[in-house]
Amino acid sequence: MELDILTICYLVASITFILGLKMLSNPAKARSGNLIAAAGMTIAIFATIFLYKDDNGKALHNYGWIFAALIIGGIVGTLAAKKVKMTAMPEMVSIFNGMGGACAALISIVEFNHLYKSNFLVKENSLYISDIYTALNSASHFVTTATLLIIFAGLIIGSISFAGSMIAWGKLNGKVKDKSFKGQHVFNIVLLIAILLIAAYLIINLSTANYFLFYVILFGALLYGIFFVLPIGGADMPVVISLLNSFTGVAAACGGFLYNNKAMLTGGILVGAAGTLLTILMCKAMNRSLTNVLIGSFGAKATSNAVSSKDQGHYKEISLSDTAMLMSYAKKVMIVPGYGLAVAQAQHACHELEKILEDKGVEVKYAIHPVAGRMPGHMNVLLAEADVSYDKLEEMEQANEEFSTTDVVLILGANDVVNPAAKTDPASPIYGMPILDVELAKNCIVNKRSMKPGYAGIENDLFFRPKTSMLFGDAKKVLQDLIIEIKNV
Amino acid sequence: MLDWISTHEQMIYIVVLMVFLGIEVIGRVPSVLHTPLMSGANAIHGVVIIGAIIVMGKAEADNYVALILGFLAVILGTLNVVGGFVVTDRMLEMFKKKKV
Amino acid sequence: MLDWISTHEQMIYIVVLMVFLGIEVIGRVPSVLHTPLMSGANAIHGVVIIGAIIVMGKAEADNYVALILGFLAVILGTLNVVGGFVVTDRMLEMFKKKKV
Amino acid sequence: MELDILTICYLVASITFILGLKMLSNPAKARSGNLIAAAGMTIAIFATIFLYKDDNGKALHNYGWIFAALIIGGIVGTLAAKKVKMTAMPEMVSIFNGMGGACAALISIVEFNHLYKSNFLVKENSLYISDIYTALNSASHFVTTATLLIIFAGLIIGSISFAGSMIAWGKLNGKVKDKSFKGQHVFNIVLLIAILLIAAYLIINLSTANYFLFYVILFGALLYGIFFVLPIGGADMPVVISLLNSFTGVAAACGGFLYNNKAMLTGGILVGAAGTLLTILMCKAMNRSLTNVLIGSFGAKATSNAVSSKDQGHYKEISLSDTAMLMSYAKKVMIVPGYGLAVAQAQHACHELEKILEDKGVEVKYAIHPVAGRMPGHMNVLLAEADVSYDKLEEMEQANEEFSTTDVVLILGANDVVNPAAKTDPASPIYGMPILDVELAKNCIVNKRSMKPGYAGIENDLFFRPKTSMLFGDAKKVLQDLIIEIKNV
C-alpha cells in the first residue's frame, strides 16, 4: 500500500521533471517550469523518507540524522544561492553540480562496503545482499556483477564530475589558472583507460585481496576530473560545467539502477541526455565544436594569433570631451556591452550614463549579443543587476535593424561580438558567428583598455575602420569621467 | 549478458525513451536561456539525494562509515537540490519582464 | 488497483513516456505534411499485426474460429502496414522536389 | 536466447517508430523517415514469426496460414496503394486505418474466446490461461479482470475505429451522404455509455450465462462508430480520419498489454498520442476547434449562412475573350487553385494554360494556401499529378509578397482561402485564418460555377470588390475554352 503511493509519488516526480525541463526551454514558462520541477522533487524526497521500505518491509530509520542533514543542506544551499552575485552564478551552479557528483560517489562507496562485507565477510549479514539481489529483481550471481558495475560507474562518473566542477569553479572566480603540460591529453587518456581496466578487473573477480583497488579507482577518478578541466580556457567553463552537469545526471541514474528507483533513473537520464545536447548547443552558439572546446585548440590558436598579429593600419583615438559632445547631441545612442563591462563591473556607471543622456533627450538602447560576455544571458543578468529596464535591451536581430538609424554606438568592452571578420573572413575562427552590425551607425566609439584581442584572441578590423574611434581605459573609470564631462556640456 | 537484456527489458525501454525525451524536450531552447536551463537541469539531477536518504536510513546504528558518509551525502544532495532550484529561480527573475 | 500500479510500474512509465514523446516528436510539423504524417502514423499502428500473428501461430489446428479469425486478422494487419507505408511513400514523392 | 534477440528486435522497432515519426514531421527527411519505420516494422514482424515463444517455450506454428495471409495482404495492399489516384489517397488511408482497427477487434474476439473457454469450460486447457497470467507477469485472479479489461478496450476501440473509418471512406468518395437525425448526439452518448456499462458488468462477473453480451458490445461499438461519423461534414473527414487513426493506435497498444509486447505497446501509444495532437493541429490549420468539427456545428452554420446571405452589392462578370486578352498581355500571372479545381479535375487543363502563357512570355506561378482543398497538401498533390514543376508553386508567405507585382490573379475554384473576411470580420467563422492577399494584384479573376459559398459556407466580399471580376463555369470547361481563346489572340 505505502509502497504503491511511493511509486505514484515517483511517477509524479518524473513527470514534473520532464515538464519542468520542457518549460525551462521556453522563455515565457521557464520560471514556473523550475518551480514545478522543484515541487516534484520535494514530493519525491519526503515520499522516500516516510514511505520507503526495503525488501524486507523495513522502513527507514535514523530520521534524526536525515532531517539534520536536510536542514543543514537546505539552509546553507538557500543562503549561498541567495547571497551570490548575479555574475557569479555560473560558479554557484558549478559548486552545486559538484555536490551532486560527490553525493553519487559517496553512495557508491557505502554500497560497495555493504556489498563487500556481505559478500566476503560476515555472512549473517547476507540479509542485506539478498536485498540488493531482489532490488535488482534478477536471478543468478550475475547480479553482484551488475551491481558492482553500477556501483563503479556511479563512483567514477560522480568523482570526475565532483573534481571537475571544483576546478571549473576555481577557474571562474580566477583562483585557478589554466595549466597544461606537454602531452597532457595523452596522459589523461591513459589515466582514464587505467581506471576502467582496474574497474573491469575488480568487477570480474573482487576478493579480500584486491578490494582496496576500489579506493585507487576513486583516487584515479578524482585525479582525472582535475586534469580533464585544468587545461581548458576559463572562458569555456560554462560549456564544461554543462558537460559535467550531464555527467552527474548519469551518475544519479546509476543510483536509480542500484535501488531500482524510477525517480532517480528518469531524472538522471533526462539530465544526462538534455545536458549533453545543451552542451552542444552552447558550443554552436559560439560556433565551435565540443571537441574544439575540450581539446582547447582554440585557446592555443588564440595566443599564437595574438602574438603573430601585427597592428594592421592605424586606428584613431577620441578624447572624453569629444565623446561627451558627440553623445549629448546625438538623437539615438546604442550601447553594446561585452565581457569587459562585466570585468570592470561598470554596469551601474553604464546605467547612470544612460539616465543622463535620456535627461538630455537622447534615446538610449542596449544591443545584446546572445554570446556577449562569458555565459549566455550574461549581459541581461549584468544589466538587470543595475536595474536597466528590459524594454531598453534589444536582441541582436532588432538591434541590427536599428543601427542604421543610430548616431553613436558605444561599445563597452565588447570585441568578438562586433568583429566583422565573422562575416568577411572564412579563415577566422569565429567565421559564421552572427555579429552586431555596428558599422551601420554614423559613429562607433570603442572602449577597451588596449588593442588586445578578446576571447577569440583575434584582431578586430572594426577598430581600424574610418567610422570607428577608440576610447581607451577601464570601462568603469571611463564611464564615470564621461558622465562628468556630459554633465558639463 | 543477452538474458540480462530481456530481464531488464522494461528498464532499458525507460532509459531509451528518457534519452529521446531529454533531447526532444530542450530542442528549441533560445541561447539566452542556456544558463538557466543548465542550472535547472543541475537541480534536477539532485534527485540523487534519494539514494543518499536510503543509504542513511538503512545504515545500522553501529555502522559509522555508512552513517557519516550517508550524512555527508544527504547534506551534499540537499545542497545540490535546494541551491540549484533557488539559483535557477533567481536567474529567471532576471528574465521575467521579458515575458510581458 | 493500487498494487496493480506498483506491479506494473515500469509498464506505466513506458506508456507515460511514450505519450510525451508522441506529442514532442511531431510538435513542429508544417501543415503541408499533415496528411503524409497521418498516413505514416496510420502505417505504424499496423504493428497490431504482431498480435494477429501470435494469435494465428498459437491457434490449435482444430480451433477453426481462431484459425479463420486469426487468418483474417493477419491479412487486415498486413493491409494496414504495407498499404500504409506504400501510400505514405507515394504522397511524399510529391514533395521530394521540395527537398532540393 | 532467441527471446533475447526478439526483445532486441522489438527495441529496434520501437526506436525506428519514434525516429520515423520524428522525421515524418520534417519536410527534408519525411520520406526516409517513412522508410525507416517500415524497415523497423519488417524486422518486428519477422522476428515475431521466427523467434516468438509462448511462456511454455512453444514456438509458433501454422506458418503456412501466416505466410499465406501475409502474402495476400501484402500484394493487395501494395496494388491498392499504387493504383489509387493521388487525390483519392485520404480515402485509402481511411480504409487501411479501418483494417488496423478490425485487426485489433478480431484479436480481442479470439483472445476472449480463449479466456472464456479456459476459464469456464475445458479446464484441461488451463495451460493457456496460465499463459496469459504470466504474460501479464502479475499475480492473483485480478489478472483475468485486467486481461478482460484490455480485451474489451481493444474490442470497443478497434470496432469503433473500423466502422468509423469505413463511413469516412464512403463519405470521401461520395458514396455516403451526411445524415443526422434530431438528438443524434444524445443517442450517441447514450449508446456509448450503454456499451461501457455492459463491458464493466462483464468484466466484474463474466459467466456462461452472460458471455454472449460480449457480442452485443461488439455490435454496439460498430454501431457507435457509424453514428459517430455519419453526421460530420464530408470536408472534415481528414480530421475525423486522423482522430480514428489515433484510436486504432490505442487499440494496438491494448494488444501490447495483452501480450506484454513492447513493440505493439510503444508503437500503439506513440500513434495514439501523436495522432491526437495531429488532429488538433489539423483543426488549428483551418482555425476550428476539434469539438466544433465533431459536433459539426460549422456545417450547420454553413447552410444557414448560405441561405440567409443576401447578395451584398453587385459583382461584374468578364468574358472569356477579355480574360484571354488580359492574361496574354500580362507580365506576371498568379494562379490560386482551390477545392473547385480538384472537384473539376481541371489540373491538367490548368497546366496546359500555364504552358501556353509561358510560350507567350508571361511569367506564371501558383499560390498555394496551406488548407486549400480538403486535405493539407491537397493542391500540391493535385498539381503534381499534372506534373506542374515545383519551383512554380509558392507557399502562402512568398506568394503574398509577390501579389503586389502581379498583373492578373486567376482564382480557380478557391473561395475561403481568399476571403478577406478572415482578416477584417471578427464575427466570421474563418476570422484569424491567414489568407492569400490576392487584392494586392492589379486584376483578380475568379472562376467558380456560381456565387455559392465554399466550405465555410460564408459570403466572400472579394467577389464584389472593384478589382475583381467573375468568370463563371466549371473550372475544366472554362480553362479549355480559355486556352483556345488565348491561342487565337
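In this document, chain identifiers A, B, C and D correspond to the written order of the chains, with residue numbering beginning at 1 in each.
Heads up, the rule we're going with is that a residue touches a chain if its C-beta (ideal position, glycine included) is under 8 Å from a C-beta of that chain, and two chains touch if they have at least 3 such contacts.
Everything numeric in this text was worked out from a predicted model, so none of it was measured.
**Student:** More contacting C-beta pairs: A-B or B-D?
**Tutor:** Higher contact count goes to A-B.
**Student:** Name the pair in B-D, A-B or C-D that forms the same interface as A-C; by residue number, over half of the contact pairs must coincide.
**Tutor:** B-D
**Student:** How many angstrom lie between the CA centroids of subunit B and subunit C, rounded to a whole number?
**Tutor:** That pair's centroid distance is 34 Å.
**Student:** Just how far, in Å, is the C-alpha centre of subunit D from the one of subunit B?
**Tutor:** Each chain's C-alpha centroid was found; their separation is 41 Å.
**Student:** Give, as an integer number of Å, the spacing between the C-alpha centres of subunit D and subunit C.
**Tutor:** Measuring from centre to centre gives 15 Å for this pair.
**Student:** Subunit A: which residues touch two or more other chains?
**Tutor:** Subunit A, residues with two or more chain partners: 18, 22, 262, 266.
**Student:** What are the residue numbers in subunit C that touch two or more other chains?
**Tutor:** Residues 10-11, 13-14, 17-18, 20-21, 24-25, 27-28.
**Student:** Which positions of subunit B touch subunit C when the two form their complex?
**Tutor:** Answer in residue numbers: 10-11, 13-14, 17-18, 20-21, 24-25, 27-28.
**Student:** Taking the complex as given, what residues does subunit B use to touch subunit D?
**Tutor:** Subunit B residues touching subunit D: 2-3, 5-6, 9-10, 12-13, 16-17, 20, 24.
**Student:** What residues of subunit B sit close enough to touch subunit A in their complex?
**Tutor:** So the residues of subunit B in touch with subunit A come to 4, 7-8, 11, 14-15, 18-23, 25-59, 61, 65-67, 69-99.
**Student:** Under the touch definition given earlier, write down the residues of subunit D that touch subunit C in their complex.
**Tutor:** These residues of subunit D touch subunit C: 13, 17-18, 20-22, 24-28, 30-31, 33-35, 37-38, 41, 44-45, 48-49, 52, 54, 59-63, 65-66, 68-70, 72-74, 76-78, 80-82, 84, 86, 89-90, 92-93, 95-97, 99-100, 102-104, 106-107, 109-111, 113-114, 137-139, 142, 146, 238, 241-242, 245-246, 248-249, 251-253, 255, 257-259, 261-275, 277-278, 281-282, 285, 370-371, 375-378, 380-381, 384, 389-391, 395.
**Student:** Going by the contact rule at the top, pick out the subunit A residues touching subunit C in the complex.
**Tutor:** So the residues of subunit A touching subunit C come out as 1, 3-5, 7-8, 11, 14-15, 18, 22, 262, 266.
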